[in-house]
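Below is one structure; the comments refer to it alone.
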Amino acid sequence: QTHWTLTLVCEDRPGIVHAISGAVVDAGGNITESQQFSSHDTGTFFMRLQVVSSTGREAFEAALAPVVARYGMEWKLDVVGRPLRTLVLVSTAAHCLNDLLFRQRAGQLPIEIPLVLANHPDLQGLAEFYGVPFEHRAVVGAELKAEFERRILEVVDEHDVELVVLARYMQILSPELCAALEGRAINIHHSFLPGFKGANPYRQAHARGVKLIGATAHFVTSDLDEGPIIEQNVVRVDHTREAADLVAIGQDEESRTLTQAVRWFAEDRVLLDGARTIVFR
Amino acid sequence: QTHWTLTLVCEDRPGIVHAISGAVVDAGGNITESQQFSSHDTGTFFMRLQVVSSTGREAFEAALAPVVARYGMEWKLDVVGRPLRTLVLVSTAAHCLNDLLFRQRAGQLPIEIPLVLANHPDLQGLAEFYGVPFEHRAVVGAELKAEFERRILEVVDEHDVELVVLARYMQILSPELCAALEGRAINIHHSFLPGFKGANPYRQAHARGVKLIGATAHFVTSDLDEGPIIEQNVVRVDHTREAADLVAIGQDEESRTLTQAVRWFAEDRVLLDGARTIVFR
Amino acid sequence: QTHWTLTLVCEDRPGIVHAISGAVVDAGGNITESQQFSSHDTGTFFMRLQVVSSTGREAFEAALAPVVARYGMEWKLDVVGRPLRTLVLVSTAAHCLNDLLFRQRAGQLPIEIPLVLANHPDLQGLAEFYGVPFEHRAVVGAELKAEFERRILEVVDEHDVELVVLARYMQILSPELCAALEGRAINIHHSFLPGFKGANPYRQAHARGVKLIGATAHFVTSDLDEGPIIEQNVVRVDHTREAADLVAIGQDEESRTLTQAVRWFAEDRVLLDGARTIVFR
Amino acid sequence: QTHWTLTLVCEDRPGIVHAISGAVVDAGGNITESQQFSSHDTGTFFMRLQVVSSTGREAFEAALAPVVARYGMEWKLDVVGRPLRTLVLVSTAAHCLNDLLFRQRAGQLPIEIPLVLANHPDLQGLAEFYGVPFEHRAVVGAELKAEFERRILEVVDEHDVELVVLARYMQILSPELCAALEGRAINIHHSFLPGFKGANPYRQAHARGVKLIGATAHFVTSDLDEGPIIEQNVVRVDHTREAADLVAIGQDEESRTLTQAVRWFAEDRVLLDGARTIVFR
């Protein structure tokens, strides 16, 4: 018996659930988890199923074929728990990478990491401790930056990478790279977006005197810090905290928020509805 | 067109979703919201649908009849937004009643209140301001208590009451009354259950030095403070707070927690799975 | 015996605590609560004391006089629990006013309200239920708006008002009025500032797909939604929530956040440090 | 210039603040942070100061001597940021140790760890990665258990250990050891105490159907899970979570709660007031 994940996106119309559940019955499957959403904003229907079935992939796909054709569905059939091939980009901050690697080893994050690619050498030891390949390439000047980005795409291609995670990677990606990775690159921003975009958000937060600071995991788009939001968390602070304190306090929120977003993405729980995300938690 | 709520509970078996969605299609309905859950603990399947349909109730029920019969389903078909007939019991504390009445008038809580029944006269003015009938009967001694409980059942019967809310009603209900109201009486307990059962939970919380205090909305059972939990919230406190401070601080959590539980129940989002609740938020 | 609140602000220098505590001893007082903060940003020292003393105000002030003179302190001596004279401005939304009035009557908010001034008549009944004078003046066009603002200042003058609360008052105050009320007018903004300034923040929040919505209580300044922040709260939402849902969900945060800010201000716990607030919670 | 921490505990009487601040002035110090609390429960006065001074320890202590004698104070003078000598006990679960070690290396946790002592070998690699000595001793049967406890006391003695942290150490300490380590051993319990004491709290939480799960850091006492609470956190869960899910979800709260408690203790912010803690955050 296999435990499948099935995600479906199509124009919203009557009868979809009946058609899909019929195909599942035809494939000898039993639905163990089901979530759906009809977006008023875009008229789109979203569905995520988990199905237990003794059928193989081919038979399952054959049962689905007429339904997905009739409704013009985008769809994905995957096996629950299959590790997602994930490239992680880092600079010098260790906390997000540490959390991803720790959770992955603990069996709480279904990803595999063919490579950690870094523009600084600092995190090599951490990656090695977890047995993950680490590659350092300096990014100084336009040429090295372009080379780094070519290397990203090369790794994506070579390892058939499904997700690129910017785990406090401190370089802005070029619009071309953003376009190439659209919908499969996740960044962690160390503020509660849309507040405090851009550099030094904790310094901005201190200057503004906010009473809560936060972190936002979002898809990378060429419009900096404006990509669809996947997850956000906040933590209370008070007037006694300097900007440097906020940096330390915010790290827990950053790492938990990023890890959560990566987990949901790896479990096929995150779907795009225009500039917004559907998250089937 | 009518917007329906349909809840279903039965033994978990394959094919349920397909069968139900087929009945919905037969009734000319379109599913706008769907949630389901299969309990590993009890082997029970739970489903809540919202369906838009131009069919009348009779035709809808006719379409459902063979499916609910085949699967031995408990089911309920209702109209979205229909106010639930709700009896509210109070003593002297105003905050929970105030929140229920305010939310109800603001159109944010689909209930109608045929009566507020009280063992103290204090809240008469508040009920009257919101145009809700108020009845005061002293509860001193066993005889008056029994009479009060008879009056509860009388009102439940007379107004076909669907939910009884104990909004800081400070009397313990008799086992007989608990049994009679099983699954349709909700209490707010002013602690984070299962901690601090019984009387004076804030004094207990102060003595124990907890760093968070909370409130719990739960179904009433004869096993005091042990009924299935519907909703819980907490708020941070520190060592400077006396027991009296905790009382004031906890009131926000009590009223928001109770109102939330009542709203979910009124929207048919709360189902019982043994000693636990399924809440389709 | 009187329970005093004493707040002090001056340039930060050594020896202040010793000097002040000496004055308290001289006045026969015992410090029951003490908080202080030295701002690195502005080099300012802030202190809030609660003192129990059998001395009258004159003697206490006499004991303080040489110290406050030596350090050039701004200071305020008040009696714990004295109700703050508070003018409340409203439009049509009831939830913030309802919470202020309910908490005030419950003895949990040390304010007295000589008047609720409104640009719509809707909340008259609510104010009357709580026995608070209510005055309605339409604000249509520049002239009526100017007249309304003159009336605000008149009431402030007449009743020696110490705080003006904008409890979802939906008019923008003129720069002149903002200046006149500087440091003693509090507004509730229905977003987590600095995100979603201006109109329709919940619609903006929905469009941006944020996963948490919030409310911000801040001092009113002529720079709209940029005044010093006093308190903020957030609540989790998900993709299923329309903008209208967010409005209802956000109301709890708005009213609790505003009431909290007003309570702290009334208890002399909020001090200004440039564009930031010190909150001695 | 040295940055000092000074904590003081004595019977509450008038004039303490003035006396202490006078001693600080005499020692040429400037108070940069000050917190105090008078416990109504026990009549005890608690104070924590941070003082910048160019005086050496001897001169500072000399200035304090008459005051602490007069008031019969328990007191501690320490240097801000001095790493606390901390012995960590573990079994097999890695998340708490991982967080302590990561935070310590990141400079966000002022402790030094002479030894990680374990009753299972699993976490050796993790300790070694962070360069911390690791010692494994099996605890099977009463004799080995007694030997393990003797070894704890030996290490405490040998390294002058100031704090023992039970980072998911799954053995119950003997009453004798609890007594020997009183006030300097911190445990993390994986529930929101006082709910779900004892073994398998997540299974209990699942069975009870709670809507929030939590973690509690508390001082170790011979009365299991009843020691004074230092910090607590909760996280929301719903009916879909099995006990095993709760274990994974709860780990973030466990590690952040324990690390927070250790940080506050290491910064001399945690004082005991009978069965409750004063936490000067």
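First chain written, first letter: the chains are A, B, C and D, and each begins at residue 1.
Basically, a residue touches a chain if its C-beta (ideal position, glycine included) is under 8 Å from a C-beta of that chain, and two chains touch if they have at least 3 such contacts.
A quick note: this is a predicted structure, and the numbers were derived from the prediction, not measured.
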Graph separation of chain B and chain D (steps between touching chains): 1
Pair with more cross-chain C-beta pairs in contact, given A-C and B-C: A-C
Rounded Å distance, chain B centre to chain C centre (Cα mean): 36
Whole-Å separation of chain centres (CA-atom averages), chain A against chain C: 41
Contacts with two or more other chains, residues of chain C listed in rising order: 33, 240
Topology of the chain contact graph, where touching chains are joined (line, ring, star, complete, other): complete
Chain C residues touching chain A - in the complex, by the definition given at the top: 37, 39-40, 192-196, 207-212, 214, 228-234, 238-240, 242, 273, 275-279, 281
Sites on chain A touched by chain B in the complex: 14-15, 17-18, 21-22, 24-25, 29-36, 38, 236
Footprint of chain D on chain A - complex, ascending: 33, 94-95, 98, 102, 106, 108, 125, 129, 240, 248, 251-252, 256
